[in-house]
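In what follows, structures are represented as structure tokens.
The two complexes that follow have chain A in common; it is paired with chain B in the first and with chain C in the second.
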Partner chain A sequence: METIKLDLKHYKELLKSYIETQDEKSLYGAEQISKSFIKNNILPEEIVNLHIQSIIELYPDLNKEIRHAMNFLLETMISYGLAHQEYQTLREKQLELKSEISIAANMQETLLATTIPNVEDLDIGVISVPAHQMNGDYHHLVKSNDGLIGIAVADVIGKGIPAALCMSMIKYSMESFPDQSMKPKAILESLNRVVERNVEAGMFITMFYALYNPTDSKLQYASAGHEPGFYYYAEQDTYNEIDAKGLVLGVSPDTNYNQYELQLHQGDMVILLTDGVTECRNNGKFIEREEVIEVIKKYAHLPAQETVNQVYKHFERLQNFQLKDDFTLIILRKNV
Partner chain B sequence: MTTQSCVMIQKEWDIVAARQLGREIAKKIGVGTVDQARIATAVSEIARNIYLYAGKGKVCFDVIETIDQKGILITAEDSGPGIDDLSMAMEDGFSTSGGLGAGLPGVKRLMDEFDIKSEVGQGTQIKVIKWVR
Partner chain C sequence: MNLDINVTENSEKYLVHLSGEIDAYTSQKLKDTLLPLTKKKGYTLVVDLEQVNYMDSTGLGVFISVLKATKEAESSMTLINLKERVRKLFKITGLDQIININLDERGVND
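Take a look at the complex of A and B:
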């Protein structure tokens, strides 16, 4: 109330000076006062009323047609005032939601955290960046007691919170599997049953699971409809698609998965990714998978972690720093 | 307490009559111009809800006085379909999103006190008060 009284006096003075001189200084004052109105939640109908009062005090002989016209304006402002108040409330609600989601995102980060295992002959680089606050991509690297390295990359069709919730389930199911069932084929088959039972129809998860054995440098893998990765064959300096067929998780309870095997040699690279990488859009057009290879080639001389970081930076810029989908890229390079 | 005055709502024009009566009473007890406009808008909204969803009903006005303040009490009653989920009807953005109007949250904002009762199949009763400032 006090501010209104103060503003009333000030407003009247500014209005008077403007009517008399039409100078820019009064208009600058009007700008300042309008900011003060917003800060103090003064509604439009109150401002119009303030205007009416000021002008009547300045010109007591103001003709009655103008007075009526001013009142008419005041009436039309009422709904705007309501809309403004509603907007304020919704904005507060949005801030609340945002902070809740950011807490959830932090929690997810902790839940899904994975540490890159130390493997003597492998240089491993990993990057996973969510498009929104919560990540619907999932990756996990684990070293079992017998020294085998398990590598999982998964993507929920869809993004945001539902996808993220789903991923936590995947992680905990995988952790509950006993060590000896770590064969990619068996992992996907077990996970498929979990997903089929627990996730609503219409939500699908794709996953690529690989198991690396450092003693013979063999990589066994299986895929559940996941975006194919690439294999770099150092001796011939060629990039090939990693061929693996399999149905996405959660479609039918007794899906069987094929298991494949690759022999890694010195300098070879295994590139695993999610469709957030290959479906980067440049000016509305999807990029070609070959373009992904081109970018990887450009940075392939760097250590694996540096390569994935640079590739991410490239695509981040390409998409004007607004990811359309969660982005996950893993590179394994055999260095001896 | 003065005698109650009511306006029956059946046709769209009755909304105008209700607005006018509300404004006149408000003016008479010393409500300022801005609040008069707010009361008229609230009455309009309430009466429009009756006209649109219940078909018919009435809006009544009372002048109320307590030891330290004076105000206008507006009561709206209809025997229409009622509102199933009041919490949802009171939620922001529920009725305004399509530009339909202020909705119930708007009425609540325009007035100082707000109360609503509704039974599905029996009707709705809304009581609102605006005190003279």
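Take a look at the complex of A and C:
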């Protein structure tokens, strides 16, 4: 209350000085005082009231028409006051929501967390960054009891919270499979049935699933409409698209998936990604898949984790540090 | 970027011309326009995508919903004049296997 009283005195002085001189200094003072009003939640009608009192004290002989007019103004300000209070409440609610979403995002991070398995002959690098708070991309690496490595990359249509909820479903379904060394084809076929039953029409998920066997260095894989990855063939020093066809998950309940196989040799790389990588736009123009390969080439001499980090940084810079879509990139390199 | 939708009806056929971008912002409008056009049994819904330069996965979602609706109502849907970039999306996702895509048809003069 004390500060507001002070302001009343101050306001009156400023007003007087302005009426007498019309100088810039008192206008600047008015600007400062209005900032302090906002900070202290003073409503518009209170300011008008302050104005009336000041002016009456300054000019006790003020004619009664002006007095009535000022009271009229006071009345018209009341709705603005209510709107302002509403705005304050909304702001508080928004902060509340924001913190709830960030809690959900943290939960999702814990829920969907995957640890990179230790495989003697494979150098594995993984990066997955959401465009907004919650990630609609999903990746999962798992080592089965018999030493096989399962690698999943998935992307759900859309972004944000609905996408993230959908991904949790995928994670639980995958964990409920009794056998972690299930064939990629079988995994996609089971997941497809789960997704088809549980999502609304028009929602779908793309997924690439691979199973690596360290004993014979063979990679079996299948794709459910997922953005094709790349295969680096070290001996020839060539990058090729990983060819795999298959319908996205969630559209048709009895879809069959083809399974393919790759023989990995020393120095070969398997590059898996989501369309957040290839859908990057540079000044409105889309980058081509060849450009993605160029960037990977540039950093391919680094350890796999360092490579994916640098590639991400490159595209983040390209888009002025504002991702348009969730970004996931996985590199597997055969060491031995 | 906006999406303009123009619908004409001609002997058991709806011809829908799209012009613009199909993304998270425009796809709801597209869905709301296309779904009611699937309800008449025996009708064909022809969607001309010649003026669509960009489409993202939410656009694919719309066409999946519409496809499912045509199956229920015993109508059908054909997409024509797809730009390379858009056609590639249908190919990667395998949706070209279940959605009628006619690359040669010039919708207007048919």
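One rule holds for everything that comes next: the second predicted complex is superposed on the first by the 296 of 336 C-alpha atoms of A that agree within 3 Å, B and C clash if a C-alpha of one lies under 4 Å from a C-alpha of the other, contacts with A are read in each partner's own complex, and residues count from 1 in each chain.
FYI, a residue touches a chain if its C-beta (ideal position, glycine included) is under 8 Å from a C-beta of that chain, and two chains touch if they have at least 3 such contacts.
Predicted, not measured: the structure shown is a model, and the values here were computed from it.
**Q** Just chain B (first), just chain C (second), both, or neither: which does A:225 touch?
**A** Only chain C; A:225 stays clear of chain B.
**Q** Please work out whether A:49 is in contact with chain B alone, chain C alone, both, or neither, and reply first, second, both or neither.
**A** first
**Q** Mind working out whether A:90 is in touch with chain B, chain C, both or neither, as first, second, both or neither?
**A** first
**Q** Who does A:202 touch here: chain B (first), chain C (second), both, or neither?
**A** The answer is second: A:202 touches chain C but not chain B.
**Q** Per the contact definition in the header, classify A:71: touching chain B only (first), chain C only (second), both, or neither.
**A** Touch status of A:71: first partner only.
**Q** See if chain A has more residues touched by chain B or by chain C, and give me that chain.
**A** Residues of chain A touched, chain B against chain C: more for C.
**Q** Contact-wise, after the overlay, does A:135 reach chain B, chain C, both or neither (first, second, both, neither)?
**A** Touch status of A:135: no partner.
**Q** Could you tell me if A:79 is touching chain B, chain C, both of them or neither one (first, second, both, neither)?
**A** First partner only.
**Q** Is A:259 touching anything from chain B or chain C once the two structures are fitted on A? First, second, both or neither.
**A** neither
**Q** Quick one: in the complex, what on chain A touches chain B?
**A** 45-46, 49, 52, 71, 74-75, 78-79, 82-83, 85-86, 89-90, 93
**Q** In their complex, what parts of chain B are in touch with chain A?
**A** Per the touch definition, chain B meets chain A at residues 32-34, 37-38, 40-41, 92-93, 96, 101-102, 105-106, 109-110.
**Q** Within their complex, state which residues of chain C touch chain A.
**A** Touching chain A: residues 24, 31, 56-58, 60-62, 64-65, 68-69, 85, 92-95, 97-98 of chain C.
**Q** Note which residues of chain A are touching chain C in the complex, please.
**A** 155, 157-159, 201-204, 206, 224-228, 245-248, 251-252, 275, 279, 286
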